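The following pair of complexes shares a single chain, subunit A, combined with subunit B in the former and subunit C in the latter.
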Partner chain A sequence: MRVLYTSLKYLAVVLWSIFVIAPFLWAVSTSFKDFQSVTNGATYIPWVDFEPNLEGWRALWKSPAQGGVDIVEPFFNSVFVTASGSLISIILGTLAAYALSRFTFKAGFIRNGDITFFFISQRIMPPVVLAIPFFIMLGKFSLLDTLAGLIIVYIVLLMPIAVWIMVDFFNKVPVEIDETALIDGCNPLQVFYKVVLPNSIPGIIVAGMFCMIFGWTDFFFSFILTFTEVQLLPVAIVALNSSITPWWSLSAAALVSVAPLVLVAFIVERYLSKGNLSGALK
Partner chain B sequence: MNFKHKYLFLLPGLLVLLAILIFPIGFTVRLSLSSWDSFYPALDFIGIENYVRLFTDDARFWEAFGRLSLLSVTTVFLQYVIGFGLALIVWKEIAFQRFFRVLFLIPMMTTPVIMTVIWRTFFHESLGPVNDILSHFNVAPLWLSSETLSKFTVMIVEVWQWTPFMFLLLLAGLLSLPKEPFLAASIDGAGPIRTFFYVTFPLMAPISIGAIIIRLIEASKIMDTVYVLTSGGPGTATETSSFYIFIKGLREFQFGYSAALSLTYLIIMIISFTIIAKLLVKLMVRGN
Partner chain C sequence: MSLIASNLSFKPGNEWHLDNVCFEMSKGQIYTILGRTLAGKTTLLKTLAGLISPDEGTLTLDDRDFGSIPVWKREVAMVYQQFINYPHLSVYENVAFPLKQRRMQSDQIKARVMKALQQVGLDGFENRKIQALSGGQQQRVALARSLVKEASVILLDEPLVNLDYKLREQLREEFRNIFSSEASKDSILIYSSTDPVEAMQLGGQILVMDEGRILQQGTSKEVYENPNCTKVAQITNDPAMNLFEGRVDNGRIILSSEIDLELPQHCKGLATGSYIFGMRAAGITLNSTGFPFSVELSEISGSETFLHIRHEMIGVVGLLDSVQNFNTGEVVRVQFDTLQLYVFDQNEQLVSSPYRGLE
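And now, the complex of A and B:
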């Protein structure tokens, strides 16, 4: 019985791991292929099934005129938009979450819970609902096809996540910490940035990681709201997915775009194993 | 606790969000009452005509909605079962525990559209590895161009992408559970299966409900995957609500009508999530 259970357990884990890794392995293999080895049917192992070459990878920093993809600029655009959007969302979201967790707000029938729900409920909104009005609004302020316009949109996308995680987090930080500091003569603003903030680093890091994930992986808004001046990474890569797809450079570009956040998986796991994440995620 | 500067904390975030959102939402409401399209791009007023059309003369919208419900409920259910199973396995001692934890998290860190581009080559009907391997068994399923199978392919990609999120929330939950109930159960001589149904599962109920609702909300927005994988096709076989609204609004430029679609869809979503949340709470808490 015990042996059966253990072998089933390992079987499940191994099968799922294969499923998780399969598309990555396929992409790595494809990125070293050329036209011949793609169009003559599926090939897998370099040197055995096909002769590998670096064309797919070289294309990444060639301009489209030279038959390349040029994902260097989109890469840094993506980094900039994700980082700025996340940073603004974390700052505003943390402040709001602290207020919602510690103070009581009342306006008519609106209570703290309703305000928190208002923040979080923005996630229910499908991007397509906001796309057309955003398109028109950004057009009015001539922010279409600019990084600033995208950052504004990303705040709507990311602040709800920051508020959601930080309200939960602050609710678990004992109020006594704040009260002791108050008695020691700090004013409430000092309490926040001298006592509460240093104690909230784990929560802020988790919220930051989630903002980064959802910012970096967003496609729809940059797809609708930018055209030629500014291009983000996902849009640049999906643009390759046309009738004659260069599978090799597509795979290489996809791997480059996916790599930075795979590092985040290691950080998330560290927090998880140390037990810090459960405090910040409910 | 209370103090007079409390608004300094709340208002910056709240006002920024309101400032960004108030125009889009107000404008969508107004737009839905107009016939703005590419032939007549202006804000006229046609009353609730768009809504009448939507409720009486648009089977495609309701089909897309039914398809979306099927896709999101099925994938979230699969994600929950698989994610919970995996979380339970790596929660306890297992060889390479941390390696598996990292590995199981990775898909959610990857960009859905980009991985879908890879999946598209993976399921390519003549050049992809899946059909290459299956050809040894003399079958060649049409992963992307068969009406039934293309739905299944979308589900595979969704499950691959988002099971990790479920896994993460549930594992974080499992790791935060108190030890005492498990000690008590083992003293009472309960085996692993009984412990799961009488201790672990009930203790995890609130976390499970939260995780399922979060995933349902995100899954209801399925659109990127469909756009890249099948473009809603073949025909309309994989068209979801978001994708249909996208086609009406940003492909056929029927701005007024797509605004009416958006708002109707949004209201249906808010109502269904409220009902689903209530049902789940009833179902899972009564289980105790």
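And now, the complex of A and C:
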């Protein structure tokens, strides 16, 4: 019985792994194909079913005039907007979350929990509800089709995630640590950056990861709020899908768009298991 | 140096957490705030630390207004019942933290930290991470951090309550040695506890608290021998002092239709009337010629047995200095040692104690 259970468990894991990995393998395989290999029926194994080449990858940094798709600028636009938006969201979100966790706010019927919910409610609303006001506001301030405009919108979209995660994290940090730091001679600001912040690194990393994932993969707002001057990577990739879609370049571009997130996940993973608060309050 | 609290009151909701608290404390002394859970001990300590601002009252230290000094500038140190340390710092950095905040020279910091670590028995642990220490060691780090500041007021909020029995006993002894040594000769030490045995063992002065009020202040001997009311009598004894109502009539104490006792010498002169009588568990023993009580519960504690017994409305706990087993409902014969009898009036104030006689 136990052997059967173990076998079924492993079978489920293998099937799920295939389900998850297959699109990546498909994209990797396609990125090394050419027009013939893509259009002449299904081919899977390089050097057996088709002769791999780097045409799809080379096209990524060639201009359209040279027959390329040029995703270099959209890529760095995405990096800049996502990094800036995430960084500012984390800074503001962490400060807001600390205040919501440690101080009591009262305004009529509104309490701390309500304020936290107001933050996250922006993520609950359908994006299209927010898109129109964003479009009108950015237009008023001449920020449509600009990186600055996108960063502002991304801060509004990403900060709720940072607040939501960090409030929960700070609530788990014993308030006695703050009190001990006060008694040990820290003023309230020093308590935050000398004691609370160093012990919140795992939470900040998790919040940062979520901000980066949501920012990096956003298509809707970058599509609505940009036209010709500024283009982000998801929009550039989707734009490749025309009457004659270069699937090899599209696959390579899709892999490039995933690569930063995978890289960041690998780098920060080790920090997630470190720096816990077990020594603060046993 | 003296710390004076005058009429400290704090009422965050509907209940008083501090109710007109007054005391005077002197340097080089240990003061134990003894009270049950929610008596207001932690609130009082946090008020002294500056973490809570009282609604009313003043705090002065050496005639200076202590209450208006922000917490980070107050000369206080505090150890919590939870083992609070900075998990991102090593043992050395934890202990050095308050000194670095004062921007002291690094060689001075090192000297003081090493001395404090030696006092708490953690020399050699400087580079360890906090997470790598046991609970007792973590609490020693917190204690070292409180000692290293050489603060005017050291607050210890039930620092041993989360330790296991053996370690608690060991650390209690060490605490007493540390506090009675040079380390604290210039400080006022305030220790809060729910455990009367701990309070008595630490010696010094005891302040008995209940519902935000200080019920009695005195030396441990004085508070033990002459609790000024029934609440103090219960709080300062473990198990709590037995209290039972009865009457004094014709030179005898009448507790029930079957139980009457001879009025002991220290109670001679008590007027006829109703009283509340108190007796510690040790004053109630088994004796074949005693009064019949039925067993409700027997608890073995180490080499002793606590016997919960009842006769009509009188429910008491007796202490037997041996391990014995009893069945629930079993009838035992019990003797009251009236030489250990306390008498309180109907307002629960002490009327007579074995040590001081009639008030």
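Some points to look at:
In this section, the second predicted complex is superposed on the first by the 263 of 282 C-alpha atoms of A that agree within 3 Å, B and C clash if a C-alpha of one lies under 4 Å from a C-alpha of the other, contacts with A are read in each partner's own complex, and residues count from 1 in each chain.
The working rule: a contact is a pair of C-beta atoms (placed from the backbone, for glycine too) under 8 Å apart; a residue touches a chain by one contact, two chains touch by 3 or more.
Source: prediction; values computed, not measured.
When the two complexes are overlaid, the chain among subunit B and subunit C that reaches more residues of subunit A is B. Shared-chain residue A:P198: touches subunit C; no touch with subunit B. Residue contacts after overlaying the shared chain place A:V28 against neither subunit B nor subunit C.
Once the two complexes are overlaid on the shared chain, A:V72 sits clear of subunit B and of subunit C alike. Of the two partner chains, subunit B is the only one that A:W16 touches; subunit C does not reach it. Once chain A of one complex is fitted onto chain A of the other, the partner contacts of A:L87 are absent, as it touches neither subunit B nor subunit C. By the touch criterion stated above, A:V129 is placed in contact with subunit B alone, subunit C being left untouched. Applying the stated contact rule after C-alpha superposition, one finds that A:A239 touches neither subunit B nor subunit C. In the superposition on chain A, contact is made by A:E179 with both subunit B and subunit C. Residues 179, 275, 277-279, 281-282 of subunit A touch subunit B in one complex and subunit C in the other.
Subunit B makes touch with subunit A in their complex at residues 1-3, 5-10, 12-14, 16-17, 20-21, 23-25, 27-28, 31, 82, 85-86, 89-90, 94-95, 98, 100-115, 117-122, 126-129, 131-132, 160, 168-169, 171-173, 175-176, 192, 207, 210, 217-218, 220-221, 223-224, 228, 241-243, 245-246, 249-250, 255, 258-259, 262-263, 265-266, 269-270, 273.
Subunit A makes touch with subunit B in their complex at residues 5, 9-10, 12-13, 16-17, 19-23, 26-27, 30, 38-39, 41-42, 44, 92-93, 95-96, 98-100, 102-105, 115, 119, 121-134, 136-137, 152-153, 155-156, 159, 163, 175, 178-179, 188-189, 192, 213, 216-217, 219-220, 224, 233-234, 237-238, 240-241, 245, 247, 250-251, 254, 257-258, 261-262, 264-266, 268-269, 272-273, 275, 277-279, 281-282.
Taken together, the subunit C residues at the contact with subunit A in this complex read 46, 49-51, 70-74, 76-78, 80, 82-88, 97-98, 101-102, 129-131, 133, 135, 138, 142, 145, 149, 162. Interface residues of subunit A, counted against subunit C in their complex, comprise 174, 176-177, 179-187, 190, 195, 198-199, 275-282.
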